[in-house]
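What follows is a single structure, written as structure tokens, with notes after it.
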């Protein structure tokens, strides 16, 4: 709980900084131009540095987790996806892992129950973490793709198509306080928010997950929730001049930034929070987006009896050879009727 | 402690944060420190007498430096370590997958937290964010307290890899435990149930320290029993030059029931093949250990012990090597051996000379698993079998951790079982094959002093056995692992009395119709065969 | 260290496929793809050489009026919401009169009120809408009085 609260205070501060700064012309430049550029540079450099750093570590052994039948006798059906013995098998395994979170899909939950025979353990499929994770990641992707309309001119048809499908569900609600109707709601934003709240809820209400959660677990979730909320607010409640926003984002993308004049502070909050997230990625667990591709228990072929894997630092070790063995035990060997090499 | 008391229903972590909850080393949950002589025998660092229960562990003066330098070195030598330290998102999917967490209810036995113990040190000393944020960033200074906690929980992990099946990034706690134990090894924090077997294995060729004559004595004991059963001597060849196959199996099977019955099964199978097909199989007392406790010590010790297999095969001039029923042995052979001690170009690509089957999957490694070998023989009708001799057996099969999650040997043993036994029932799907539960005593945790830990860790497996025991009247738990045979016998007595543990080749030995055999009335346990009870008592 | 690896490489039999542990080229390739995708907007806009947005042109009538339903800044960001609300009130409640906060009275009608002043759709509506990639569907149903019948039918 302490970790959750400290992180929440940090998020609140990150929200308030641009809220106040948006009223000062110089700080506008900082938040709308300098920080986003810095964030992208830090992200790219940090990301590349991290991955290169990983690649510098050796892969001495081929230790895939084999989660299916090995390739052995010709009449036994081998499972080339869960126990891949070909490159193609590894590619399919990795695709399923990255695109469908296959390992997480296996998730079960353990429970202890009292039966007439006494206490029993039981394991049931637990799909909600997988659903939450899939919803979260795919909606995040859609949200990112939709935002390409601010960075591309002309906007390609595929981006418009994503937005079209994302906005298929129409909601109209009118009241004296607020209205929702136009612009239409985007499902991805709402589901992203809901999924992130679900994932955060697990960390607060599932005792086991709460126990293992660090500030580094609460912070990115809270940050993403804050980003989603600021985005939804901007679309539906505190509307801003989109043309001005796009002029800024296009300016950033073409290295000729212009600071918009009449854009509300909600926009500055949104772009500031996103910059913080982007900047935070290389230093955090969010690097799992790259690390998942490099996990040696998933991305290697399980063919170590078929093909020799080379350990780049394989070194000679001291062994106890047969001669030393026979020297020590020659007499007992002879007494036991065992053949010896030297009499 | 009675089973009902040990069966924990509470899995709620305490209120205080884990970083602030000191570990208490409990009796029954830790293993004794290693005998310094064993550590010295292998020239491993900082051999000394110490006691985990005492305040002073007699650590070398610069132990932090040794630990952190070792850590840094391993971060570049093992990409696994670096990736696994960096990318865990603490989703908690692994939490209730660990048999030790299910059994002990101790939150630090959740795989994620076991890794976090090491990760907190990593964050503090090796990451920018950790250095900047300190405690807030989840970092912990490497203090004696932190070290003791890490040691305690590294030796409550059996390296079974079950958690890694469910991890969305494939984070393998076995790998973290292995490298963590290497770091412990650097400052002399070994446990005796591992250190003494490796010293034995280095010197005598096997973990039990059986000297050459003790091995031949044990075999003589088996052949006498077999003679009693089939009517003739099945004396195995030892050190036979230019034999077709070198056979290596865990030494535990030469020493204690019920593994000995499995060993008798091997002897009968090899005698059968010699008489029917003139196949020459040889044993060795120099390479008389299939298992490799080096896997639980350090990569270096693993390599040092494993080297004997190829060395002996080369010396004897055999064509290829056949390996017996053992769990972690096959993790080493399958995923490490060829890389560490290969290429074994002095051996031939394994071909079963009886069936002509090429074991293509072992073409570089040149080692074949005995259930692959036997399954091939059975499939090609090369063995005469009478499965009804095992009709008293109602069997289920426990997939051992390493052959399932470090190899994928799932169907071969099942095919052999179904060929030699008429009554076979699977345990629930969530508890077998790649989802299988550890026996609770893997990775060197079969010491007498940590029995409570082992019984707790064995609960998930026992619970699944109990299910088939109640539902189908299962009375035999088949395994292809010597440690299973030792551990599960005890575990079954504790949790599911009445269920026996048996190796697969014990059942093969029973069902095998030996050439020119006398009328078979007894099984390998010297109990009457089904339907022979009366003849037995007449004798 | 590398020498040793090469040594064992050389001594291995030809029948055995050797797997080099260097997967760096794949990692670099992956990074290049990732960076390429991430910086997609930069080179896309370079290739497309897009012209800066043309300023919106106010029709003479609109200019002459000097006011709209709401202040200009609000109209820029929230016109879609007003149109939506008007539609709702007109269609569901049959009410057609709107009083603006400044006290002016308008007839709630897209064709007769809005498009009466803003009679230059291409230079007024479309410029921003195309730029920001916001599809309008007003003209799917409504008549644009500045266009001919034939054009409206299309």
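So that you can tell them apart, the chains are marked A, B and C in the order they are listed, and the count of residues begins at 1 in each.
To be clear about the criterion, a contact is a pair of C-beta atoms (placed from the backbone, for glycine too) under 8 Å apart; a residue touches a chain by one contact, two chains touch by 3 or more.
Bear in mind that the values here come from a model prediction, so they are computed numbers and not experimental data.
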(message) Closest chain to the protein's overall Cα mean, using per-chain Cα means, please.
(response) A
(message) Relative to subunit B, which chain's C-alpha centre is the most remote?
(response) C
(request) Consider the two chain pairs A-B and A-C; indicate the one with the greater count of contacting C-beta pairs. (result) A-B
(request) Return the distance between the CA-based centres of subunit B and subunit C, expressed in whole Å. (result) 61
(request) Take the average of all CA coordinates in subunit A, do the same for subunit C, and state the distance between these two points in whole angstrom. (result) 28
(request) Report, in whole Å, the distance between the mean C-alpha point of subunit A and the mean C-alpha point of subunit B. (result) 34
(request) At least two other chains touched by the same residue of subunit A: list those residues. (result) 54-55, 58-60, 62, 294, 306-311, 313-314
(message) Touching at least two other chains at once: which residues of subunit C meet that condition?
(response) 8, 12, 16
(request) Give the residues of subunit B that touch two or more other chains, as numbers and ranges in rising order. (result) 342-343, 363-364
(request) Quick one: which bits of subunit C touch subunit A in the complex? Just the residue numbers, please. (result) 1-2, 4-5, 8-9, 12, 16-24, 27-28, 30-31, 34-35, 38, 40-42, 44-46, 48, 50, 53, 73, 76-78, 80-81, 83-85, 88, 128, 130-135
(message) Which residues of subunit B touch subunit A once you look at their complex with the stated criterion?
(response) 4, 7-9, 11-13, 17-18, 43, 75-83, 86-93, 95-97, 102, 107, 110, 112-113, 116, 127-129, 133, 136-138, 161, 164-172, 175, 202-205, 211-213, 216-217, 238-239, 285-286, 299-300, 303-304, 307-308, 311-312, 315, 333-336, 338-340, 342-343, 357, 359-365, 367, 372, 375-376, 379, 404-412, 415, 428, 430-431, 434-435, 459-460, 463, 466-467, 470
(request) Going by the contact rule at the top, pick out the subunit A residues touching subunit B in the complex. (result) 2, 6, 50, 53-63, 65-79, 82-83, 85, 97, 101, 103-104, 106-110, 112, 117-121, 123, 129, 133, 202, 206-217, 283-285, 287-288, 291-292, 294-298, 302-311, 313-314, 317-322, 325-326, 328-329, 332-333, 335-339
(request) Spell out the residues on subunit A that touch subunit C in their complex, using ranges where they run on. (result) 44, 47-48, 51-52, 54-55, 58-60, 62, 148-155, 159-160, 163-164, 172, 174, 179, 181-183, 239-243, 246-247, 250, 253-255, 262, 290, 293-294, 301, 306-315
